[in-house]
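Each in structure tokens, the structures are laid out below.
Each of the two complexes below includes chain A, the first together with chain B, the second together with chain C.
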Partner chain A sequence: MVKPFLPKELVLRLAAILKRVFASPAEKRPEVFRLGEALVDLDGAAVRGPRGEQPLTAKERAILAKLHEERNRIVTSDALCQAFWGDDSFGYENTLMVHIRRIREKIEPDPSNPVHLLTVRGLGYKLIVKETG
Partner chain B sequence: MDGIFRILRRFVAAAILLSVLLLVFNFVLLGTLVFREQRQQPAPENVVREVAKGLSVIDGDRYVLAEEAAKLLERQRAWAMLIGEDGAVKWEERLPDDVPRTYGLTDVAKFSRYYLSEYPVYIWEHADGLVVVGYPKNSHGKFLFNWDADWVRSVPWRLGMLLILNAAVALMLSILMGLRLVRNIRPLVTGVHRLAREEPVRLDERGLLGDLAGSINTASAILQEKNAALKARDEARSNWIAGISHDIRTPLSMILGYASELEENPELPEEERRQAGVIRRQGEKLRSLVSDLNLVSMLEYDMQPLRRERVRLASLARQAAADMLNGGLVERHTIELEPADEDLWIVGDRKPLLRAIGNLLQNSVNHNPQGCRIVIGTFRSGDGTRIGLVVRDDGRGVPREQLAELTELPYSSKRTKPPRQGHGLGLPMVDRIVKAHGGRLLLDSPDGGGLIATMEFPAEGA
Partner chain C sequence: MESNVKDRKILIVDDEPEIAAMIERFLRKEGFYRIHTAGDCASALSLVRTVRPDIAILDVMLPDGDGFALLSAIRQFSDMPVLF
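Take a look at the complex of A and B:
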């Protein structure tokens, strides 16, 4: 905060942060979440679904974690590439597509018609997570 | 410094041209002024020749001078005589008394070269002896020149050397004078150059060009003073806005904090929680307005520090579009990305640039509540010197005459109409962000409707 500030403001801000962190434990980033019939376990780096348990590679796990962190929001392919390959380099889009395809094979009932991990044409990807699920 | 060498070169060329002209002029004067009298009268040699030709013998020993030759003698107030082979005067015309009537070999040798009884005399041969023409005393000077033959042969060479030496001296003198001049004006020239760069100038005011130096000093002082005043005023304005916005933000945070607490308080009735929500949302609007105002004023007065890094335009466009979509966009509006050149980079600050694109997108959405299709594209100009981003919509567009004032600050004197919607800071902010990155914002609204906003930046390395 920029000085001078009122002590009251600091207290309110702290209260807001604490509320955000502790108010509902469900909102805390879960290491295990459900995508339709599949259960993604980020800690165990594995997907348990209709096709049995399938392990996730490190990259796949990282991509899923990033998408889940920003779940229900569009994550641009640039942001994904930057998160995994560093700096604002480009030319990784095709590699990224391959990883996404592999993830879909593990979490989607029909990998060619995804319902959880959606492509937003021209922009990036979006992971749909039903909060109640 | 280039200018000074040019001056010196011109100066030397002018000096050489001047000396050549002076030389030619001198020759002309020599011919017209100095030797003029000489040419007006017939030369003594010609007179004596005429006399010798005009003297003819009749009856064996009597001589007669032709009338023309006699008149010539008369005009020159000269006298004449014919000395025979024996040394005696055989014929005379107006011969003065103090001139001897007989001559020996020695006498002839003497007067042929010098004077005869102080009369300047000239001789010519005649069939019967020697014709002598004498002029009045002190009317002519006779000089005898003797030259060494080698010397005569070397005269052209010597004259050439003379000219070359003259040219060399003229060149040296002109260079010396030019250098002196340059030494005098060099501080003035550097002073004016520094003045152009708005650097402080302090010149020596003594010397030939002292008053000029004084004027340059005064101009510099005035410029510095004005710049300082201008900067102080901009800073004061910007600080004032920053201070105000800080002072507003502090109580606003408390309003927002309490409002959201009330909004989420389950003990309150639904209606009152809804009202608290209205307070919170309006407060948030106020907060974003204040921070926008602060950002625009910082950009306006060049006080917004930019964190410069290489940024890819396509990545910016995607991020801005994704942010917009994530922020919740009504179905009526669609955002599309034109597949474009991925390898377009600018050096700039990512955050304000994203903000600029976001503002353009928000602008299209706000002004087209009926819905519109927004397209973001990137481009590189034909000559490769400029790159940029284009945000197009197919909405209502803007009347052409209003386009120019869209980037002016709201309530500025340049704006004829108040902003239609929103706080009117959106496009001015985009304009200032683009300008801070060395680019420009171009707005166009074709007749068919829609708005085309182009953010143009100088290409990297161009």
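Take a look at the complex of A and C:
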């Protein structure tokens, strides 16, 4: 290893690589999850449900992945904008709203009255995921 | 950290025994226990062939070569992840 180095950092790097490469499928973050009757497949970038299979765009997939990572918690609009558009994300809130609306059209039974992807007024969004098993 | 991760075999390659021992100590403290050490390229290659480690921590400067040449040799028959 390149010296000098911090042993703790080295151990953390090693553990992170091992976890990424060797963690069992059950320990890896699920890339498929259910929202009511819709099955969201992040690996396949698609939503399968009563309306058939609907593809997700790269941005829609990324937003859903981020919201799923923080499922059942509020993710602020600022955090979402910054995650997808970086430090120059000012002014992207309307674009985010458009993406959210399109996602709802794919996952919600009634996109005008969402039950899975909720708006938390003045704060951001929350993806409600019922944990199974 | 998951148990199957901690069960993985780790190879430490460093020609300074104190450094190798210190890294080994840190790894054991974190729960890793299948740790092998080598002080030069030849013994590292031999261990890679016989022990089949899951990951290696390589030093750059070794008495009989450098870590990058060692990595090239390892890549002839192993695709394990390597840390420098």
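By our rule, the second predicted complex is superposed on the first by the 102 of 133 C-alpha atoms of A that agree within 3 Å, B and C clash if a C-alpha of one lies under 4 Å from a C-alpha of the other, contacts with A are read in each partner's own complex, and residues count from 1 in each chain.
Just so it is clear, a residue touches a chain if its C-beta (ideal position, glycine included) is under 8 Å from a C-beta of that chain, and two chains touch if they have at least 3 such contacts.
Here the structure is a predicted model, which means the values were calculated and not measured.
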Q. Touching A:Lys8, do we find chain B (first), chain C (second), both, or neither?
A. both
(Q) Between chain B and chain C, whom does A:Ile17 touch in the aligned arrangement: first, second, both, or neither? (A) second
Q) Which of the two partners, first being chain B and second being chain C, lies in contact with A:Thr76: first, second, both, or neither? A) first
Q. Touch check for A:Leu123: first (chain B), second (chain C), both, or neither?
A. first
Q: Show which residues of chain A both chain B and chain C reach, each in its own complex.
A: 2, 8, 13, 15
Q: Mind listing the chain A positions that touch chain B in their complex?
A: 2, 5-6, 8-9, 12-13, 15-16, 73-79, 88, 90, 120, 122-124
Q.
Looking at the complex, which residues from chain C come into contact with chain A?
A. 1-2, 4-5, 8, 10, 14, 19, 22-23, 26-27, 30, 54-55, 57-60, 81, 83-84
Q.
For a test of understanding, state which residues of chain B touch chain A in their complex under the given definition.
A. 246, 250, 253-254, 257-258, 260, 310-312, 314-315, 318-319, 321-322, 325-326, 336-337, 339, 342-343
Q | chain C contact footprint on chain A (complex, rising order) | A | 1-3, 7-8, 10-11, 13-15, 17-19, 21-24, 27
